[in-house]
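Just so it is clear, A, B and C label the chains in written order, and each chain counts residues from 1 on its own.
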C-alpha cells in the first residue's frame, strides 16, 4: 500500500512577533496518513512552534510572520490546500475541526464530563440530542475513559485525576472525528501509569487518525512513533523511520542527542 | 503494554523457539541416520540447518531493534539478552551438527569399520541428544522450579557425554593399535566426536541462560 | 547570636503592630456594638426616619446600590473582558487600564461633585438617579479591575483548547473563560457592592436624603449613610442613638457581605 502524505510541510519558516530571529527555518516535513510522526529535539528547537502552526493556533497572538506552505490533503477532492493561506474565521474553524490538538496541561472545561465532550459537537452546530449523546459515548469509549466516566457524566470534569482529564481532552478532540491529531507533550505532566494508558490509546487511535506528537521524552518517541523528526535550533536536522533514527542516525547531532551526549 | 512492543517480543521468542526446534530435529535426524546408515536423513538434516546463520542475524537485529526502541527492563531485558546469547549457542550447535553430518557421509562411504565402537557412539549420541532436548525445553519453560530440574538433567547428560567420550577415546586408541592402517580414519572419527561433545557443553550454557532470564541475578556462564 | 536577637526584636515589633491594628479594629467594633445594640429595636426596622426608624433608609440605600450594580456591572465586566481578551497589550488597553486604576482611588466626594455638576444641576434638584449614578461611577473601575484580574488567572491553554476545537473567540470567552473565572468575578462584584453600600460622600450632593419612604428616584432619596452623618450632628440624644443603631446595622451588613465573599473564595482543598 503506497504511503500517503496527509500533511506536507514545505520550506516553512516562522518568526514570532516579539523576536528578530526566525524560530523555524525552511522546515520540510511530510506527515503520513495513519502513522505516528514524532518530533524530538532539545528545548527551544522549534518543535512546539511547528506543531502549533499546523492548526494555525498562532493566530491567537497577532504579529507573527511566516513563509512557505503547509499543504493539507482534502480527502474529497484528493487535492492539497495550503492552510497558511486561510484567512476567514470560518475557514480556520473548519481547519481546526479537521486538525485537533491536545496540550501539555490537561485542559478540561469548567463543565460536566458530558458537556466537555459535547462542546466541540455543539460548536459544529449539531443540535440533535440523540446524535450528540451517541457521539459523546463513542468518543469516551474510543478514548479508554468510558468505564471511569459512565457513572459520572453529569459531574464536573474538574473532579477527574490528571491522567483522566487528559484522556477526556482526547475524547473531546476525537468526538469531532478529526483527520489529524496534534499532541504537544501530552504526558509530560502525568505519572508513568497515566502516561502508559495514554500511549496505548494513541497507538490505537492511529488506525483512524494521523498523529503528530511533540515529546521531550525520547523513549516515548522510540516506543510510539513510526517516523521521527529531529529538530535543532529551528531546523529539521534529520527525518527518517523511527528505527533508523534510534539505531543508525545519519547526523552526528542526532546521534549525540539520542545517546544523551547533548549539552 | 504497547502493542508494538508485545508483538516484537513475541516474534523474537517464536523465532528462537523455531530455531531451537529445527536444531533438535536435525540432530535427531543425523543420529538416526548414523544408527540406520540412512544418508538421506543426514542430507535432510543439513538442509534444515543451512540457513542458520541468516536466522541468527535476523533474531539479533530484531533484538537490537527492541533494545533501541523499547528500552526493556527487568525480566523483559533479561529474556531478550538471554535470547541473544541462546541464539548464538544454537547456531554453534547447528554448525557442529552440520559438520558431523558431512563427516558421517565420509565415514559411511569409506571402508571404515566402526562396529566395535558403534555401541558407545550411539550412547554418546543419545546423551548428547538428551542434553540438547533439555536445553530446547528450557527455552520454552518459565517456571524456575522446572528450570532447576532441567539444569540438573542437562548436567547429568553432559557428564555422561564426557565419560563416554573418554571411554571412546580409549577404545579408539585401542583400535588404532589393532588396525594401524586405518589410523587416519580413526583420528578423524575422534575429532568429529570431540566436536559433538561441545553440543552438550553448549546445551548446559543454554539452560543457564534460560534460568538467568527467569530467575534473575547475575550472568554466570 | 546577633542575628537571633535581631530576629526576636523584629518579631516582637511586628506582633506589637499587629496587636495595635487589630486592637483598634476590635475597639471600633466593640464601641459600635455596645452603643448600637442598646439603641436597636424592632421598631426601627418598621418605621421610616420621619418616625424614628431606619426602614426607608435601608430600602433607599439598597435600591440605589442595586441600580448602580445593574448599570455598573455589565459596563465594568464588558470593559474588563475587552481589556483582557481583546486588548492584546495595546497602548489603548494600557491607557484604559491605568485610567481605571486611577479612578478607583479617586476621592469619592469628587465623584459626588462631578455628578452634581452633570445631573443634579441641570435637573435642578437632588435625585435618587443622581445618587445611583455616582455609586455606579464608583463601582465600574472596581468591576473592571476584578474582571481583568480574574480573567488573567484563567490559563491561556484553556482558551487555546477552546479555539483548537473550532470555537470562535467570543464563544470561547462566554462559554468557557467566563465560566472558569465565574467565582472570582462574582466575588469581586460582591465586594464592590459591599464597598458602595457603605459610601457617604457620593450621595451627599446627589441624592441628599429623605425622611420619608419613597421609591421615586427623581426626588431626594433616602440613604442610610447620609442619615448617619446628619443624625450624628443633631443635639438630641434620640437622634444620636439612632445614629449609633444605624451605624451598627450598616457595619453588620458590610461585614456580612465581606464574609460571604470570603466564603465563596474559600480554599476547597
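We take it that a contact is a pair of C-beta atoms (placed from the backbone, for glycine too) under 8 Å apart; a residue touches a chain by one contact, two chains touch by 3 or more.
This is a predicted model, so every value here is computed, not measured.
A centroid comparison over C-alpha atoms places C as the chain most distant from subunit B.
Legend note: the chain whose CA centroid lies nearest the centroid of all displayed protein CA atoms is A. Remark: subunit A and subunit C have CA centroids separated by 47 Å (rounded to whole angstrom). One inter-chain figure worth recording: subunit A and subunit B are separated by 51 Å, centre to centre, where each centre is the mean of the chain's CA atoms.
Note: centroid distance subunit B to subunit C, computed from Cα atoms, is 91 Å. The touching residues of subunit B, when paired with subunit A in their complex, are 1-5, 64-65, 68-71. Touching subunit C in their complex are the following residues of subunit A: 55, 57, 60, 62, 89, 93-94, 96-97, 100-101, 103-105, 107, 109-111, 119-120, 123-124, 169, 172-173, 176. Residues 88, 155, 157-168, 171, 175-176, 179-180, 182 of subunit C are the ones that touch subunit A when the two sit in their complex. Against subunit B, in their complex, subunit A makes its touches with residues 196, 199-200, 203-204, 219, 222-224, 242-243, 246-247.
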